[in-house]
Amino acid sequence: MKDKDPQKIWGGRFAARTSSLVEEFTQSLDYDRFLALHDLEGSRAHALMLADTGIISPEELQRILSGLDQIQGELEQNEFNWDPGLEDVHMNIEKRLTDLIGEPGQKLHTGRSRNDQVALDFRLYVAGALERWQSELKELISILLNQAEAHRKTLLPGYTHLQPAQPVCLAQHLLAYVQMFKRDYERIEQAMPRTRVSPLGAAALAGTTYCLQPEQTAGHLGFEEVFKNSMDAVSDRDFVLEGLFVASMIMMHLSRLGEEIILWSNPGFGFIILPDAYSTGSSIMPQKKNPDVAELVRGKAGGVYGRLMALLTTMKALPLTYNRDMQEDKEPFIEACKSVSSCLRVMTGMMGEMEFNKDKMMQALKKGFLNATELADYLVFKGTPFRQAHHLTGRLVAYAEEKGLGLEELDLTVFQDFSRLIDRDVYGVLDYQQAVNRRSTPGGTGPDSVLGQIKDLRLWLDKKNGGSV
Amino acid sequence: MKDKDPQKIWGGRFAARTSSLVEEFTQSLDYDRFLALHDLEGSRAHALMLADTGIISPEELQRILSGLDQIQGELEQNEFNWDPGLEDVHMNIEKRLTDLIGEPGQKLHTGRSRNDQVALDFRLYVAGALERWQSELKELISILLNQAEAHRKTLLPGYTHLQPAQPVCLAQHLLAYVQMFKRDYERIEQAMPRTRVSPLGAAALAGTTYCLQPEQTAGHLGFEEVFKNSMDAVSDRDFVLEGLFVASMIMMHLSRLGEEIILWSNPGFGFIILPDAYSTGSSIMPQKKNPDVAELVRGKAGGVYGRLMALLTTMKALPLTYNRDMQEDKEPFIEACKSVSSCLRVMTGMMGEMEFNKDKMMQALKKGFLNATELADYLVFKGTPFRQAHHLTGRLVAYAEEKGLGLEELDLTVFQDFSRLIDRDVYGVLDYQQAVNRRSTPGGTGPDSVLGQIKDLRLWLDKKNGGSV
Amino acid sequence: MKDKDPQKIWGGRFAARTSSLVEEFTQSLDYDRFLALHDLEGSRAHALMLADTGIISPEELQRILSGLDQIQGELEQNEFNWDPGLEDVHMNIEKRLTDLIGEPGQKLHTGRSRNDQVALDFRLYVAGALERWQSELKELISILLNQAEAHRKTLLPGYTHLQPAQPVCLAQHLLAYVQMFKRDYERIEQAMPRTRVSPLGAAALAGTTYCLQPEQTAGHLGFEEVFKNSMDAVSDRDFVLEGLFVASMIMMHLSRLGEEIILWSNPGFGFIILPDAYSTGSSIMPQKKNPDVAELVRGKAGGVYGRLMALLTTMKALPLTYNRDMQEDKEPFIEACKSVSSCLRVMTGMMGEMEFNKDKMMQALKKGFLNATELADYLVFKGTPFRQAHHLTGRLVAYAEEKGLGLEELDLTVFQDFSRLIDRDVYGVLDYQQAVNRRSTPGGTGPDSVLGQIKDLRLWLDKKNGGSV
Amino acid sequence: MKDKDPQKIWGGRFAARTSSLVEEFTQSLDYDRFLALHDLEGSRAHALMLADTGIISPEELQRILSGLDQIQGELEQNEFNWDPGLEDVHMNIEKRLTDLIGEPGQKLHTGRSRNDQVALDFRLYVAGALERWQSELKELISILLNQAEAHRKTLLPGYTHLQPAQPVCLAQHLLAYVQMFKRDYERIEQAMPRTRVSPLGAAALAGTTYCLQPEQTAGHLGFEEVFKNSMDAVSDRDFVLEGLFVASMIMMHLSRLGEEIILWSNPGFGFIILPDAYSTGSSIMPQKKNPDVAELVRGKAGGVYGRLMALLTTMKALPLTYNRDMQEDKEPFIEACKSVSSCLRVMTGMMGEMEFNKDKMMQALKKGFLNATELADYLVFKGTPFRQAHHLTGRLVAYAEEKGLGLEELDLTVFQDFSRLIDRDVYGVLDYQQAVNRRSTPGGTGPDSVLGQIKDLRLWLDKKNGGSV
């Protein structure tokens, strides 16, 4: 009996100590630390419910609550003494509580298992992260709306296939990103109620023989939902996966914006001047001004995707109920969470200080025959069937390119050699601002559409910020 | 000029023909075919809107609609003549329409680009798939509820770490899966409005100069939402990724159920008798009865995950707006869709015919000391602090295992050697059915909880099936 | 008994027919078809070995071989009659063989199981794909070497962070890709011996009681290696995963080249003129010339990555030996194989016809202060400590940028205001070609290094093409 | 000027300080720390080469080397003072060196950039990890060989589809894993030369104007290979991806072994008794003995796969040469490395102490009709065509199962009702050990084959351990 491991709570049927290699391998403290305050929060709710149902006395409740307060203080002051031999956050806190207040500390575990306890702690963590992302998304959207407002008349090429396609205003371009981030926000809103579900009362997997009241625990937590099935409650990690998917989508959108910043700060584009505070130089090439921030944002998308894939793979084919594999849910989410938050914040900072170079954008418009569609539409308006108009314009572009001219620089006689239907009014049609103005249908790049979009989005933002509208 | 490619609609500025290697490489007909009927649906809505706004005449509308009807017939009869040289589904149908009805066929393209057209076609396809999954999920849930109802008193070991943990009823186990599939259903419900958004009117990327009315097009499609920003409209593939994520979650849940079927049909468990119609044999080993269906379901999870990853990766860092990379969105979704639908359907069929072997389940209960938690709880009830009770029970299990007995087979004197608090009433506590019955808190495995779960889920299902409740 | 499925070879212990849903779900003919010729190849080798060991007679061997020949003809003429009810390629061919030649057709199955048979068929398929990739890689390398040779004196900006960094010659840039594809080639060379391992003789999982001679079968196949452990032989899919990894690496390299083609064909760069045969236009914007081929290559990387992930996930945690999940190995590899081959081929075609615009490249050099490092090095040479030289040059670049001038256009007095160490010889140092020439250490962008690289790579290529050198 | 950031080495052209958010976001010290000793190693080699070529004097060399030694001491004693404001490991060490020895510290940077420097540091790190994995794989293989040796006569069911298929000896089962790990070892051997390539001399991207001798630097590092193309040298991360692929394969193999340990420790199998030191208990269920170690190994496969996917995705479509995204290469590899090493080590420890329960294995053989193939083969031997023999045996199994008997327990008259060809000698054929013995062809489960496999693998291991054979 002397070989046994006196510290382990489950040591009863074991004849030999856990190998230290195994202790190190199975402990989860590296990431469990992030759950410590949530563990206290869950314990408080559990204790309140235990008192409601009379399982513990009011006096025991008070001792538990004040013990938990003291531990919270120690955690916040970084004075809590973590013991890796105690495996995880729950055991560390329970041990400390029992040291502080004695037997009531043990009673707190009544009707609770680490299986439902860790599920709750992590649900609280994920819900907190989702809320943080929401407010970070709103910050970014707000900054983008400001830039859009300021650049309603700044024109640049709209690209398809990274080839200049049609002129658009910069506001329209930026508002496209706002739509993406708004969808991300909405996905979080929808994932939230599936995250804020209290699993306490599921115990190890089957529910408990104590007359717990799970609804009441949920109430003390401020959760609207309580688990419906105990076996599901301890083996469900959908909420983590939803969080990782939302994170992947945010990163995908940010990587697209990042790519554009990288492109636009290349001198061939030159559309933006990177804020000094958001770019770095080279240790060897003195002329360099590098869009490192945008590159890292783009690069970190890979890491977040990988973490979604990691947890999907880990969860694949696990039989019910809890399996230790699930311990590997924390690292992916917690690290992805860091990436998402830091990327949203640096992008917000950088976009807020971004300056745009209108001259360079105008040069790019001219170089790209961005008014070719206008000419084709003009020909259609004059009665040419659409496909013929398109073909004719293509030939005019080829001619102009060969001559090194823009379409707007061709002589009227040249136009008329291609089609007798073209008249002097073509030059108005070829003007870039007019081209933009004419796309005035809802959702288009025209000024009314853009103004309407900004107005609607500001209303939405105010509403989400709790403002009265 | 004679070198040119007369067929290509964009051939105007090109001096040389497309390489046949490139034609084969860039054509998308393999998967576009799946969009053909949706392309007609979109064209009808677009034509109706063009007529509403007076861009085409009522007579032109009639000719277009009847031309589209004829094409629909040809497609349905498998008589449509696909031409890979025409690149994609849109050009194939447009060409056929123009052949059939002449110039009005060309007018149909007014204010529309393949960029917004393909986005619409694919949104219709994805929305259709999501609806199908919903009804397949409901079928599976319905079958699982029937089995749960029938097995409210069938007991089996509940597992954690694939080790017997506590006795549960089979209904509780099956209902855990119902919760998972119900969440999948809800995720689809939430993704649907972001899928059913009409992008028509965004044109190539910037909106259009024709006075289109996008809201009206959406109305003709029966869509509630219309795009808000033209650049977003043609470059947004969030709806496909949401579909792939939902698919991955369904497959993850199915893979877990598949794993259990594989385990339970192993003779060491023997909990189920696979329906002959849902299992196969071996060409070399005559005794084999293999759970191939469950294995393939489990295996196909990998393929669906991979497709989510594929499209996330493809979309990473793409600048606005449309890029040809996005053509690679169809294969992943369409193939994932096949996997999800076929897996849901075979699983429903198999679960409906599944027989459960109650004797084997009872044997497994006995072999697994599944009543150890009861004993520990009994000791707590008698006044032993929780952790001590746990430790004591662990030692009793070790003793019983050494003797080759179940806990319920130990003599009272043995019990009392371990703790004087144990009395004759311990044998009632160690009974499996009673152990299950005592877990009667909400969500637990007790009979009331299970009955309540089934009732609530049936109500939910009726509601989703449109029934009055 | 009348309910039974007379066709199934394993029907003995089954009382009910397979559900048609299940038949459709479990059949693998969609991808097995690709294995048909390899199945014949494997059967020939097996038959020869059976004859060697006397298990079949010489006459039986002849009938088998001629039956297999006839089936090969039917397959090649597309006249083979596939029956999905026969599940897979092996049963289809075996059935046909038995129909053709009677009992010897059944004997061919002696000591063989579908488990080792499919492993062999797929090894032959993968080995064939790897060989094809090797020759496609050599074609691409050869074309890149030609372009490098032709552009040893074409200068362009070398980029880091997509910012102009230092001038390089185009040859050096293209040769970097040759190094990548050469590594891909070498990875294939190394994976090949692990692919060309004969599993025949492993039978279902345990070996066989017939006195087979696996080494001899391997010999008839032209394989150098034979399986070492029967359980590993039927459950090993490492060779498929290695193939998918190699495919992913090729696609990653191609996606980088694709990205550069997309960038370089944007007018802001304008470095290349896409061959008309390798680009497409827009149905709506007549001026467009889109790098679709490069975009699709870039986009297809996602699909191939996803397939690697799919099979890794499918194989995770499968117990020994064969599990039906493994049937899902074929789709990923076969589809990835199509992507890799088509991408290599179009990229080779496109790079062969690519024209480079030297003027645009020179403009980009000037715009990017690409000689700043030269100036810093010059200052170091004149005695300024490195970090100070770097700092000083940075300030000079900022000054020149503000004035809208290149460094080479600044007056000597300006230079001397910044550092008295700068003299008239600075203007030679700032010349781009000289800057390139001076990087003449091995591996650098200088002419000797580049010439040496090309020579070495041609030698390597000749050797791999089997030429004497 | 006063706003500038005096500390940044590249601050020359910047008017504003880096935002502290950005400083935190872009710094890489969290993972760079792991490279510190390798950075010193690279600096030593670079300094030696600089001295060889006369760029620095022997005295400067001595000062540099002793400065580096002092820094090494500080690092090893954990006394090195990291400054996050200095961005990365290179700048931290360079700054410290310059503080210690003055100007020669700056000279060490001659002809070197952080781009080639970090590539070298990380190549050294990856090469070290690969070597460690090799020795850990050898340890695991050695332990598995010992267990195989000890269990050459221990029989258990060989499974396909997790259904009992044919009897095998445990040695054969374990040796299948040895083959997997041996392949992993070989993949590492092949990846090594592509990892141990010195990139020093590539400088920022284009080579350098200093007369460096890259071959000599490689020599001082003990590397056989030197970079061939400077642009490739700074943007190649193939070696990291190869490392991650090898890691994924190792984890895939370990996850399969882990799955079997989990299955086998379930009481339905009961094939193993987990060492107490390698299992844990439950805080609530006193009877539990959980295979946590095996579960975590299985779960960690997901995390490693995800990291492979992460870096593949990050590297996708990056233009030449260095991009900051590549900084995201370290976290995935370093974390994957921890997982692989710890999993290999715990698995080695656990397998070494694993006890196998022969009785349970024999029971499983009997329950599973594991001798059915023998009966079918027997019938073939007696002249029944293979397919008929298979069918007949299937019917006999169905009959025996119905009666609750093993095949070996059926009366001869029963056998003869099914086939007159069956005689008394059938009972010998149905014996399990004989069934195993008869599979004596190379690679099979028969005793000679197994002995031969063990011998060959021991020879291989001795050779890899450098022993003379």
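Just so it is clear, A, B, C and D label the chains in written order, and each chain counts residues from 1 on its own.
Just so we're on the same page, a residue touches a chain if its C-beta (ideal position, glycine included) is under 8 Å from a C-beta of that chain, and two chains touch if they have at least 3 such contacts.
All values reported here derive from a predicted model rather than from experimental measurement.
Ranking C-D and B-C by contacting C-beta pairs places C-D first. More than half of the contact pairs at B-D come back, by residue number, in A-C, the repeat among A-C, A-B or A-D.
Chain B and chain C have centres, each the mean of its CA atoms, that are 32 Å apart. Centroid to centroid, with C-alpha atoms defining each point, chain C and chain D lie 23 Å apart.
Across the assembly, chain D contributes 9-15, 109, 160-162, 165-166, 203-204, 263, 281-292, 295, 298, 301-302, 305, 308-309, 312-313, 315-317, 323-324, 373, 390-394, 397 as residues in contact with two or more other chains.
The residues of chain D lying in touch with chain B in their complex are 160-166, 262-263, 265-270, 281-292, 295, 309, 312-313, 316-317, 364, 367-370, 372-373, 375-376, 390-394, 396-397.
The touching residues of chain B, when paired with chain A in their complex, are 9-15, 103, 106-107, 109-110, 115, 158-162, 165-168, 172-173, 175-176, 178-180, 183, 186-187, 190, 194, 201-215, 226-236, 238, 241-242, 245, 248-249, 252, 255-256, 258-260, 263, 298, 301-302, 305, 308-309, 312-313, 315-324, 373-374, 377, 380, 385-387, 390-395, 397-398, 401, 436, 438-446, 449, 453, 456. Residues 8-19, 21-22, 24-26, 91, 109, 113-114, 203-204, 275-293, 295-296, 298-303, 305-316, 323-328, 331-332, 342, 345-346, 349 of chain C touch chain B in their complex.
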